[in-house]
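These are the structures, in structure tokens.
Below are two complexes that have subunit A in common, paired first with subunit B and then with subunit C.
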Partner chain A sequence: MPHHLLGVPGSYPLVEALWLLPLAGAILCWAFGPQLRTLAGWLASALVGASFVLAALSWGAATQTAGAALGASQALGSWLPGFDFGLLLDPLSLIWTFIITGVGFLIVFYSIGYMEGDRAYARFFAYMSFFVFAMLTLVLSDNWVGLLVGWGLVGVASYFLIGFWFQRPSAVAAARKAFVINVVGDAGMMFAIFLIVANVHAIGFGDVFSAAGGLSSTLVFWICAALFIGAVAKSAQIPLHTWLPDAMEGPTPVSALIHAATMVTAGVYLVARSAPLWSHNPQAQVLVGTVGAITALTGAILGTAQWDIKRILAYSTMSQIGYMIMAVGVGAYEGGVALFFTHAFFKAQLFLGAGLVIHALNNEQDVRRMGGLWKKMPFAFWVMLTAVLAITGVPGFSGFFSKDEVIFGDLQFGHPVLFAISALTAGITAYYMFRLLFIAFFGEYRGDVDHAHAPGWTMNVPVAILVAPSVAIGAALLSGGENSPWARFFAAQFGPDMAAIAHRPPAISEGVTSGIVFALVLIGFAIAWWRYASPGAQRDAGERLEGETRGMPAVLVHLFYVDDAIQLLFVRPAQRLGAFFGSIFDPHVIDGAVRDVVFWARWLGTLVRSFQTGLVRAYALILVFGATCFIVYYAFAAGALH
Partner chain B sequence: MALVPITILLPLVVGALLYALPRAPLDGVYPEPSRRARGDGWLARVIGVATAVATFAMLVAERDAQWSVRWLSRPFTAAFHFGATPVAFWIALLLALCTACAIATTRVARTRDFVALLLMLEGTMLGLFLARDLLVFALFWDLMLLPVFFGLLNWGEHPATAWRYFIYNFAGGLTLLLATAAFGVIYGSTDVIGRTGAPLVGAWAPWIFAGFAFAFLVKTPIWPLHTWMPPTYSGLPPPMVAVVSAVQSKAGLYGLLAIALPLLPNYVHQYALPLMVLAAVSLIYGAVVALVQNDAKRVVAYSSLSHLGLIVIAIASLNPLAIKGAIVYIVAHGLFSAALFMVLGYVEEREDTRSLLRLGGLGWKNPRLAGALCIAALAALGLPGLAGFVGELVILIGVYQAGYTWPVVVALIAIILASAYLIRLYQDVMNGPEVEDLPVRADLSWVEGLAVAPLLFALVALGVDPAPLLRL
Partner chain C sequence: MAVSIDHYVGLAAVMFFIGVIGVIVRCNPLVMLMSIELMFNAANLLFIAFARVWLQNAGHIFAFLVITVAAAEAAIGLAIIVTTFGPERYVDVDDVRALRG
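What follows is the complex of A and B.
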């Protein structure tokens, strides 16, 4: 199926409205914050919710086909010939839109209670609404420049929200780091756009995909590689991942929405969206698949060594996105998108559940100072437990189906090494997730908060709603292999064209790989049980945790020294160079060379001082006189040249 | 048609009148001037804003009009010929807008004299950008230095800065005049801007190009001719530096676009590589120096060195798309650098310091001030959706299309550095814990807000729809 006709052209007011409603919410909350007060949260939730309803109503438009066209395409305007902008809602962007507006709605609604009493309450909802708008811009654009605009805007929304409590120096530093690293990604995407425009003379997905067959494979590789720099930065892949754990400085709903469910998966979207480029370029696939797998493993390893509940979840997010990137990299687009879809629910649930705990314990985030919480907060416990079962891939839960599809995809598309890495990662995932659960919720309480204050219904209800999809949506949509509802939904999107790459039947079946992975998950669970939940471990839990803190290998404490390496290789040299240029080269070398001129200037200064009578009118006269002299003089000088 | 010379003369005449008319005795010293002095300043500002707005209206009203009076017929023909070229039209609008915004928020000692100087600056620069004759262009080139010179001398931080500014730029003016005179003699006429004529060739042509190029590169500035610029920008009072960085720095770029490109294209082509190397050095040099400056205005000054290097790269690439992008970026840079300097001026007026080491945490008590600085900084670092991004993107697409890869990579590195130093600038002023010994002042006033709002609005509007600028 040719891809150059991406959507059925037409007028889709619903799509435009669902795109712009959150922007309206942002502007209203921003402009009328003081007047709206607590209404800001309800207004923002209502508009994001309305956007979700419109997305649901657009289902038919998004899945319509006409000839080779799939979905709805609407023109918005043009800068120049070739620079045409428009919206595109097809199955891929529809799935993202559902998560952005659906999970987005639940999280914005949850924030009504979570952010209660904050001094900048309305501003928070303005930023959240703006983020939803920016993210929709990203996934609804029908061209790479529009996508890059959304890409940059989600970056700045993320910056605002990480640094939301901007009186904390740590939040300010985290926001700065996230922003600058993301601009590195933007620069990569810009370079991809230069390559695209120089060779195709257009920015639209459709134009480029239809021309892709005629491009040399080296060129396509470089386009993919440059685009992938954007994905690496935005989706926290190695080595540009270090901003994500720091981003946990933002309020917890922000971590749930932006740094777990949606924005950080933009790299997955980018690769899936550009599938026609990747599908025919094995080198690009290996690059992306490898980076994804290494990220999945690294994130999981670092997740085992954290004590801050949100940082554990952040590394888990990094690891899970590594899985997704690996999947879309090797060509298992449906699997990668499925993991994005299910992950959005259970990771949002994990963060919101952690938010319930943090909120109740007066902003305590250190799991060492928790313990025994299942008695204090049974609701939060059940929320966390179901989400942990989902993320570790216990059969029946949603994560089982999506993770299976991803891991099996490695074999399906001929990458046994990646399969081994991802299966191992699944085991480590089980270990660090149950470690979190056991330390925080089992045993005796080790903190000093007497009365955990219960969150209100506005916080509990959204979390409860999330439990349903993270438990059941996998079984509902993903079971059934080739005939699952999911596969049929994406049949036209990632259909016959993408299958052009090697789709060899692997040596072992999906059932066997599921078994291997589940065995590793059980091992991870068992180690976590033995270390943190067995009666022996429970007895002196406090001391054991202290011992573990002291005995943590330096390489894990320093997070594999990635931050230090970036400082050493890039940040400090740039600062040193700047200091050298600014305080040595400028004043001494350049100005030294023109010192004679300055000397002359001083001499001229003494001469002119005699004219400085302080009368401004006299200056004006001298000015006009002098200018006339110059003109006359040079007019004659020109004559002499002749 | 008659409006064109009036557009130029009006600010000059009003400025001169503001100087010449009798004034209230200057009892009381800023910031606590006497009542009469304050009234005098208010009146001057109202008159000044009205004048600038009037020039804006006249520019819009007679967009394509021209006006000409014969000046010289020997040794070459020259005319007082004015009229906006498409590029000059936008720069002139930018100039009128920035002048109005700057005058609206002028708060310096001897306000009336300062407003008069700003109007003179507007008038001389309008003369420069509307000139269709090279000799007139060169004349106004020198004249526009004088208001800034006097601004630095009387309101600046150190008189040496004034002289440094003047000598550097006047040296450029000198080579410009020499080159213009030689050009006129060889070409027969200097009434050439905006006309399609044969390019200049011959033994003298490289020297003439060199004369133009020196003047333009000093004015922009480009490394290593930039050392007059940081002290000038940090020394000038905010309203004037807003106009100078926004518009006067574009005189050289406009010269390259409107004079060097059409009249001496062979030499731009021939010297493309050295031009690009110098511009690329400026890009990185300005950016890394901006990274470590502790004076807020110097951060923006060095960022200008970096950003304007990009435009020189665009022009040197001779690619039509890059040049379209350059025009967008000229306007965008004017808007965001004016906004940055104005808002940093507000900060300095409130806190009596512009040291990033001293400032901090202002955002809490001054959310509107923080918002204004934030939008300006984001536009400057090329946030997609704002005008600066459009300029950068289109320029670099064009430069890459023209076959230059390394300047594109250098520019992308500079873009990354820009995000680092502009975010640092914003955060060090507005974020972090509140500094205890800094005075707490009121948030952005209505006048201050209205003065900076048009600039920020234009950045958003042109970022969303740059088509009017791209389709020149």
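What follows is the complex of A and C.
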């Protein structure tokens, strides 16, 4: 069978190098941590930064076309005859590589200051570099198995980093939870790969996509659904989202890089990468779009009821990824990837800004014990303010363009209900983000840290750099609709897939939908202002926040009972099964079998032992008896046979 | 009456069974060794007799080998008896039961 390639085959040493440099950083930091000391952070950032430079230099290779092939394809070897693996750098993976290495570089650099004085300084940077390598494996792989390998490795890296402070039992529990839930997704992906291999006899993206037209639509739906299980677990979609808020136990740079900017968006990458499968299957599109929209709404609602600054941001991440999943699900691939791209900047900025606050206030994360911080930490305030304006979609900021494209995409591809849900979510997003900003930065300070110590330049500079793209990159790349630089960049990648989806022109234009969304954003902002920032609310802010804590509806306190449901449906039965095996099956059946073997072996031994009298004459008698038996046998029985 | 092969076989069988009974019933290791020698010689007698019947020298050669092995066996047996019982007057193999399970 001829192999179909997505990229132009050739030798691309730059792509190989940008893939392996972070791995070298991980190995060096791991092996020479004690010798490197604080140099570990500089080394890791330098290698991730070098990887970013190589990615930028590979721009030409990634966007080249030859016939139907797009991008760069580098063969590396084969798993089995006919099942090759290699690297593929096309516009889609290039965008992801930029974020992984670019935003990754800024966050690793920020960690030099944030992790200062930690006992396991070098170990942290080894894990971070390893994560970058794993994520690059995921997005650069040109086949499903390589993608799954990267998928599993980022899960491991995430496990290591959530549980980085393993002295804290809550961190260990969160790491374990994240890992176990992600393995559910890995199993789904593996099932999808089994289906693909059984029906197509190939694992390469190119082979599978070119054969997809001949598969029955039921089969394609099941492949998509099984792949989507992986995306649901990794990208924190309903109902497997519960690990993401808990994952905030890790250090804040980890939350920024892994649990906001890159790893959790792997599900979006997966669906966008498999666009040729999804585009021909309306059922799979509806499934993914619906799950994404429900997740967006649920995450936003839960975000309004949190007090921990990082958990607010975690639910916000869940909600934003819901948007992205919905967009790539309905077919607005460019919009979904654009939201990923801009979200990586402003969400990393939000987390790093929150990290500045947390670092300055001696690890205080409860917004009720903040307040009035804009006077104490003006830099952190401006960082948070610009990021909040970007995420809520204020016109001109980057989030405005990407979110608009996502929400309008629902109408464009004929899903008015999803459009309504996502527009409503935009309003709630404005409410909870401004709520965070008003409670933490406005009014009077309610905590007990006398002197907030200022973060060093290594922390401030990366955050300042992030402000530029999160404010301006939307206007630069996304404005102009069909002719925007972004649309032209992805025309060759997604054009055929988007054209394959049957859709009619929507009744209202993009300008009208962005007007509706912005009106809802203003309403959300007004409610947040009225509840937390108006002069009346500021006067007795402490009591009001306490009252809100007490009056929080139970359904929100219990986070829609998803954790409880998982506990009831899966964890408890698993524990009961374990208890059954532990108290009945293991002692009575397994141990019982072992004990029986021992009993009979001993019985047989006792029996045979009694023959060993130690008397030479007894042995002689037995010998004679045996010899006699032989003689008798050969003399009579054997002779009779002839 | 001519002496036929049957007579040799009969004599050898009698000698062999005397040896077997001797090994089984006697307690004195020296007598047991002698009984074993008796069995060897029963076998030797048959080798010689059948070599004569079939006119083949292999039987003679085997008899020599058996005599050699019997001498070696007697030497080892006597050495074991001496090391086991030492200079005692009364010897009984039933007293040696170190192999009892």
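Please note the rule applied: the second predicted complex is superposed on the first by the 578 of 642 C-alpha atoms of A that agree within 3 Å, B and C clash if a C-alpha of one lies under 4 Å from a C-alpha of the other, contacts with A are read in each partner's own complex, and residues count from 1 in each chain.
By definition in this document, a contact is a pair of C-beta atoms (placed from the backbone, for glycine too) under 8 Å apart; a residue touches a chain by one contact, two chains touch by 3 or more.
Computed from a predicted structure; not experimentally measured.
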item	value
Touch count on subunit A, higher of subunit B and subunit C	B
Subunit B versus subunit C as contact partner of A:Ala507, first or second or both or neither	neither
Partner chain in contact with A:Phe581 - subunit B first, subunit C second, else both or neither	first
Touched partner set for A:Leu607, first subunit B, second subunit C, both or neither	neither
Touched partner set for A:Val557, first subunit B, second subunit C, both or neither	neither
Footprint overlap on subunit A, where subunit B in one structure and subunit C in the other make contact	616-617, 620
In the complex, subunit C residues that touch subunit A	20, 23-25, 27, 32, 93-94, 96-101
Subunit B partner contacts - residues on subunit A that touch it in the complex	77-80, 123, 145, 148-153, 156, 159, 163, 166-169, 172, 175-176, 179-180, 183-184, 186-187, 190-191, 193-195, 197-198, 574-575, 577-579, 581-582, 586-587, 590-591, 594, 597-598, 600-602, 604-605, 616-617, 619-620, 623, 627, 630-631, 634-635, 637-639, 641-642
Of all residues in subunit B, those that touch subunit A in their complex	16, 19-20, 72, 74-76, 113, 135, 139, 142-143, 146, 150, 159-160, 163-164, 167, 171, 177-178, 180-182, 184-185, 224, 227, 230, 285, 288-293, 302, 321, 324, 361, 363-364, 367, 378, 381, 383-385, 389-390, 392-394, 396-397, 400-401, 408-409, 412-413, 415-417, 419-420, 423-424, 427, 430-434, 465-467, 470-471
In the complex, subunit A residues that touch subunit C	608-617, 620-621, 624
